[in-house]
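Structure record follows, encoded as structure tokens.
Just so it is clear, A, B, C and D label the chains in written order, and each chain counts residues from 1 on its own.
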Amino acid sequence: MSLLIRGGTIVTAERMARADVLCADGIITAIGPDLEAPGGAVVVDAEAAFVMPGGIDPHTHMELPFMGTVASEDFYTGTAAGLAGGTTMIIDFVIPGPTESPLDAYHIWRGRATKASADYSFHVAITGWSERVHAEMGILAQRHGVNSFKHFMAYKGAIMVDDGVLLNSFARALELGAMPTVHAENGEAVFHLQRSLLAAGITGPAGHALSRPPAVEGEAAERAITIANVIGTPVYIVHVSTEQAAAAIARARATGQRVFGEVLAQHLVIDESVYHHPDPAFAAAHVMSPPFRAKHHQNALWAGLASGQLQTTATDHCCFCAPQKAAGRDDFTLIPNGTGGIEDRMSVLWHHGVRSGRLTAQEFVRITSTNTAQIFNIHPRKGSIAVGSDADIVVWDGAALRRISASTHHQNVDFNVFEGMEVTGVARHTIAGGALVFTEGDLRAVRGAGRYIERPCFTPA
Amino acid sequence: MSLLIRGGTIVTAERMARADVLCADGIITAIGPDLEAPGGAVVVDAEAAFVMPGGIDPHTHMELPFMGTVASEDFYTGTAAGLAGGTTMIIDFVIPGPTESPLDAYHIWRGRATKASADYSFHVAITGWSERVHAEMGILAQRHGVNSFKHFMAYKGAIMVDDGVLLNSFARALELGAMPTVHAENGEAVFHLQRSLLAAGITGPAGHALSRPPAVEGEAAERAITIANVIGTPVYIVHVSTEQAAAAIARARATGQRVFGEVLAQHLVIDESVYHHPDPAFAAAHVMSPPFRAKHHQNALWAGLASGQLQTTATDHCCFCAPQKAAGRDDFTLIPNGTGGIEDRMSVLWHHGVRSGRLTAQEFVRITSTNTAQIFNIHPRKGSIAVGSDADIVVWDGAALRRISASTHHQNVDFNVFEGMEVTGVARHTIAGGALVFTEGDLRAVRGAGRYIERPCFTPA
Amino acid sequence: MSLLIRGGTIVTAERMARADVLCADGIITAIGPDLEAPGGAVVVDAEAAFVMPGGIDPHTHMELPFMGTVASEDFYTGTAAGLAGGTTMIIDFVIPGPTESPLDAYHIWRGRATKASADYSFHVAITGWSERVHAEMGILAQRHGVNSFKHFMAYKGAIMVDDGVLLNSFARALELGAMPTVHAENGEAVFHLQRSLLAAGITGPAGHALSRPPAVEGEAAERAITIANVIGTPVYIVHVSTEQAAAAIARARATGQRVFGEVLAQHLVIDESVYHHPDPAFAAAHVMSPPFRAKHHQNALWAGLASGQLQTTATDHCCFCAPQKAAGRDDFTLIPNGTGGIEDRMSVLWHHGVRSGRLTAQEFVRITSTNTAQIFNIHPRKGSIAVGSDADIVVWDGAALRRISASTHHQNVDFNVFEGMEVTGVARHTIAGGALVFTEGDLRAVRGAGRYIERPCFTPA
Amino acid sequence: MSLLIRGGTIVTAERMARADVLCADGIITAIGPDLEAPGGAVVVDAEAAFVMPGGIDPHTHMELPFMGTVASEDFYTGTAAGLAGGTTMIIDFVIPGPTESPLDAYHIWRGRATKASADYSFHVAITGWSERVHAEMGILAQRHGVNSFKHFMAYKGAIMVDDGVLLNSFARALELGAMPTVHAENGEAVFHLQRSLLAAGITGPAGHALSRPPAVEGEAAERAITIANVIGTPVYIVHVSTEQAAAAIARARATGQRVFGEVLAQHLVIDESVYHHPDPAFAAAHVMSPPFRAKHHQNALWAGLASGQLQTTATDHCCFCAPQKAAGRDDFTLIPNGTGGIEDRMSVLWHHGVRSGRLTAQEFVRITSTNTAQIFNIHPRKGSIAVGSDADIVVWDGAALRRISASTHHQNVDFNVFEGMEVTGVARHTIAGGALVFTEGDLRAVRGAGRYIERPCFTPA
């Protein structure tokens, strides 16, 4: 089966050029001006559009069991919504309990993900430490294509790990050539503040932000970076939301340390005022960790992306509907943490990033796709428009307008944090695995069409 | 009993002026030009000398039981050596075990200290957390004049506390109007590195420095500052030895946070090359935590003192003789940590600080005495030359020379880290509690003459 | 003539203590509890009040000829207004034209100032360079008590100097033991922006702020600091108004360089929104350089004062009435630059600084008086409550309230930038030169009672 | 004429892949595995080698008339030496005198450069300001392919410009869509220090470094960045050699400003100790501006390249032989400034950068070629291995060793600052314009084969 993308301007991390793209059997087979369409080929119109690597969302939580409920978006619906927005791959998280087997958990998540309509891969969380965990990290890395391990510095009493675990796990990752990643918040401080706020009678969603002030994230980022420095490993900080964490990353990089930072589309454009909304359900719908921040943090995040000190964008897509969020009606610490965004990330980044002049189109490609592929070692299979690469492509209309709304989105959740936002920049067509899965508003996602993508380790140290 | 200091130039934190000083019954009773000596008054010659508040060493460990042995210097010998160097008061540390009662420990330390020849006070360490600890902090603060509590972020498996304890204890200190202080090193990282180094066959003293790299201190300082910020309390970082920790303090202060930093005389002038000395006993004699650092860190410490970002100087005086240090001959982690310095701090600071042009004489007074008195709320009783203040005074010959040596010092230890250093700046006379206790080389310290100094709490928050 | 201040709490840079203060012949002659009032002594009630060194305003421009007009406040009215607010001394500026003689100008200013009702001294501006200027700096420093020289890095075409002049003058100041000071704004950039804004039709007062963005001040501060570093001299930056300049100072100090920064009371509490006021006369009344800034800069200034990285506070008191300000009705570059504040500085600092918890009372004394006296080498004659010091004292009621208004102030200007501000902290009595010149609202300033204060040079390098 | 590069691993800014490369008529025409060699094609062996975009040196001064002499290397010899080292293009500088016509100067330089053996382009220096200069910038940008203008902030009395010129020229460049670049040193400070040093009898080459301390560069970088910020234009800082300048760039980038920095191969590996060499001729041979620095600056430069905060590498290739350097025998200010390096840049970067683990091969390509091509808008014609790009290619043997020496180099100068350095990483073949111009040590450069490369402006603002 072949497909020809005709008339567009290819944008990659490195270059921009008018050319057609031919795909066959899920692979890009030719790039050049005025390519011939083979017999039977689907021809996709890219006139006046950009042809870019499909987005990769390196941070999603489909159907995650969390805080007593399960995320509403499953691997099928979630990946399908991604396709509608130009995202053709996700890296989700396997999260075992502290005493559970990472390897067993991995298999459970693999099972859940078979329904995915786009390619997927898994970071595996290390939530406790034992000889078994040490051994299974090896098995996962060497036999199952897991080259990154996640660590939660928050969520005390659940999946939080202490510095001892970080040290052991980072050292093991280095040994394997895998990348350690961290959710950076000082969980002890969060816990202490939660108790103090509740004791003071602050039980509503505003308490959520108060319990996780910016310094608590900055501190944890600094600590994770120091631990990586001590071990001699690179490290990747997920969902950087503050000036403090961005500065910690930049300081480390200025000494030559290899530290990477991820930013969520949500944090780039939404600020903490949402928690003061008169409707507590609206506020609760925005509860995620790290929380939304005072507006001045946004500039640090945009500048980090523009300057290359922050490398990737994600969504931490983790959806809970209003009835689920309502579990924390009387106690903000019980509100399931998470917001959605996989369908809108690319548009939000294009509109507020490229159209505003903050980012070039090539930088857009880097931070939505290529950098993630490189950091997690699946480039140039993913994140590239090149002969031999997977045919995961978005034909992007950089001038088309759309209005974001829960009433029209494909995400399986009853709320959209970008509700009402008019964005310029729309996926005209999405091609995944060589198939046209979204075209001019028509979503043709196929349940189970997604494949598990093994990510080989880097050369071990 | 009265004593007249004649002909000197008074230097305080604020001013310099020629004047005589009259003391009676342990108190300064008059300051002015050409005072009359009352009948029977001891007359002390201060011609061509500075009359300054006696030094206060806010960080000593006399006769400390530590790492399987006991520090060689006891409260008598240690305070006497201090008097010989112009230091008239110490603040030592009560260090209970993690499950012991801080209050009981306080009483034990009070018993030990009755032999002191100079005034003393105690920080009390919080090494574990329980309702009892919470209650005893109140008793210590409200009934026993303890307005500062110490926390060790290192020494895993012994007295290290985690962030949860820091949060609880800082909050309790704030409630009481007491100052939390921290030994800032990431103990988990130190432990991990110790294991790795030993496993790699690095067993000698050089391993000590390798197991405690600068980032490990910088990280912990940042964390303690963040925790203080979250709680809303000031915080005092003991023995700042790195650019990283100094920078963390300066960054916090630049946002208005009240953070204080202490520097040891030793770190200002000795660098990490001592650990590479061919004689392992020499290297072991320098084992302390934080360890000596690469030379470039020293400039940050001097600049911190000159700019007011670091406020106090101390010694962490904690002496172990060669046979004690030898316990770690085959394993650097067993070397008792500590070096001496109480007798030499003032001279080292004067010589390398004032004579070199880095500091003014008034800044010298601030960082050797007044700032400590103010931060720990015993000013103007201590740290001042003023009518009504305790008659703790050093008559300082800023031009006299002396050569530091273990063979001549008064400290009860067989080694001096400043061995052979020629310093300009010598205590000509030391007056403590109104008595002439050191005069032109003659030490007249009296066992038991020191008094316990209660330090009232600040107004609680 | 003698005067006894009874029942107050003395606050100095170093300490706080209850004591009475006796003054005779313009000098403090005794300090102690329960002093006897000599026969005929004026007795001043200080019950429940603080007795503090009179404020020193290190930056005023009385009756300055500037931008085609002359400041409305003369040396008599201006110093009198200062006395009403607790300020007992000013350091004004002698500003010769670029080709004029600094020495001649000095004599002209001396003549103008004879009418002053409080003590005064002069910084002399170096606005051009020649052998004569070089020579006259020596005469001023050695014979006329001028130990500081001012340099304008802005006001192109008028008094701006280039880096060549700064280098020569800083080197000469170092040679003399005098302090170079700078108005730090890149005058070329300001000029360029002024031309561009006018060309774009932006002629109103909002253009003033747009023509002097924060970076323009930060750059110039950095440059002045570098030039001081190259020459090896300390340097004092007047009216620091931005995060950028405060950060430049802090960075230099963190390397041990001696850099000092002054903050205006106005910049601490007023922000740039004043330039968008619908009444252009209101906006014009706020035109000064540097201009008011976005609100977030204020925290950096307060934190700089609290942390000791910025040392002094001033007002740049330079008053123009509405008809004078109106000269720039059609061209913001013609609005005479300046605002008043000498009467209100102390209250504004106490209310927003001490009452808010940002500063202690001792820090208040340092930044309103003592630090200035020390930096400009007139301490302890000024800036201190000590026997032998000049009897320049304010009896400060820290709890009394007053409402600032042009309708009630003593300043000779028709506008008050603090109009309507309710402040806690009022001068109950002001004593200058031993005389009670302001008491419970009654201003008794005496024309000509002020004396010229010689400021001796520091030991030349 | 066609040429096939067979068996190598292509490395571009974005990716690495094994593939052959076919060139015809100076253009890359095909890339893929196992390409067929057309009849008559030259076949170049790339087994076990990397096939990378030819190096671009964005900073050279061939046959520059400077300081009373003319650089020894002309456009032919210099570009030929570049080819021997894998560099296939230079951007040289047209430098008119302050009152000369930039356009006339451009034509003069174009004439000189016709002898070049590799492609070349020109930055044009703006050394004075007038209506004519303003007009000619437009002509150069719009008709002659000049999209960058250079400004010297040093060299007082010669080509130095003040901030007024910078402002005018930057504004004009923005208008045209051209990039302003600066040599950042405070020329007034340098001049002042030169006079002082000479007056103090310091006449030897060591004086050169003393007259240009790091702060003087950091200050100028900060100033240029501020001016760019005020104007709203990107800016490119040539030869960043200090922590201070690197930090200034990083600080600006962290706010989102577009600032670029260039590093010289020489500054990355040579330190200031060369100026203390006993042989003054040796020291003089290292005289360049900025001078070599204390060793700790090097880490900041390497980290800047690794983190992406500094983007390009160059050589400032400007050669003077010993008799020329001797002009400054008695006065260091007369030593012609400049060192060579065009032949060795790539090897030095590979050896100390890639082999040491500081940089990846892809980062090497970015900083030696691609980033320069992108910043100066000639990508993907240059700096890329792609169909349609110019066939400027280096076949790089990353494991081959060579020993750098003036006795073997192709540069027309009698000295090599890297003399004796053993480097791993050698150009096995260099292809320029589709021709094999250097192969296994055999240099086949053709006089006049180089072409002038027009660089189109960016979209004007």
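FYI, a contact is a pair of C-beta atoms (placed from the backbone, for glycine too) under 8 Å apart; a residue touches a chain by one contact, two chains touch by 3 or more.
None of the values given here were measured: they were computed from a predicted structure.
Asks: Chains in contact with subunit C and with subunit D: which ones?
Replies: Common contact partners of subunit C and subunit D, which must touch each of the two, are absent.
Asks: From subunit B, how many touching-chain steps at minimum until you land on subunit D?
Replies: 2
Asks: Can you tell me which chain lies farthest from subunit C, using the average of the Cα atoms as each chain's centre?
Replies: A
Asks: Based only on mean CA positions, could you tell me how far subunit A sits from subunit B in angstrom?
Replies: Centre-to-centre distance between subunit A and subunit B: 49 Å.
Asks: Using the average of all C-alpha atoms in each chain as its centre, how far is it in Å between subunit A and subunit C?
Replies: Once rounded, the distance between the two centres reads 54 Å.
Asks: When the C-alpha atoms of subunit A and subunit D are each averaged to a single point, how far apart are the two points in Å?
Replies: 39
Asks: Got the subunit C residues that touch at least 2 other chains?
Replies: In subunit C, no residue touches two or more other chains.
Asks: Subunit C touches which residues of subunit B in the complex?
Replies: 12-15, 17, 32, 246-247, 250, 253-256, 258, 299-300, 302-304, 306-309, 358, 370, 379-380, 384, 386-388
Asks: Residue numbers of subunit C touching subunit D in their complex, please.
Replies: Subunit C residues touching subunit D: 162-164, 166-168, 171, 186, 188-189, 191-193, 196, 213, 215-216, 218-219, 222-223, 226-227, 229-230.
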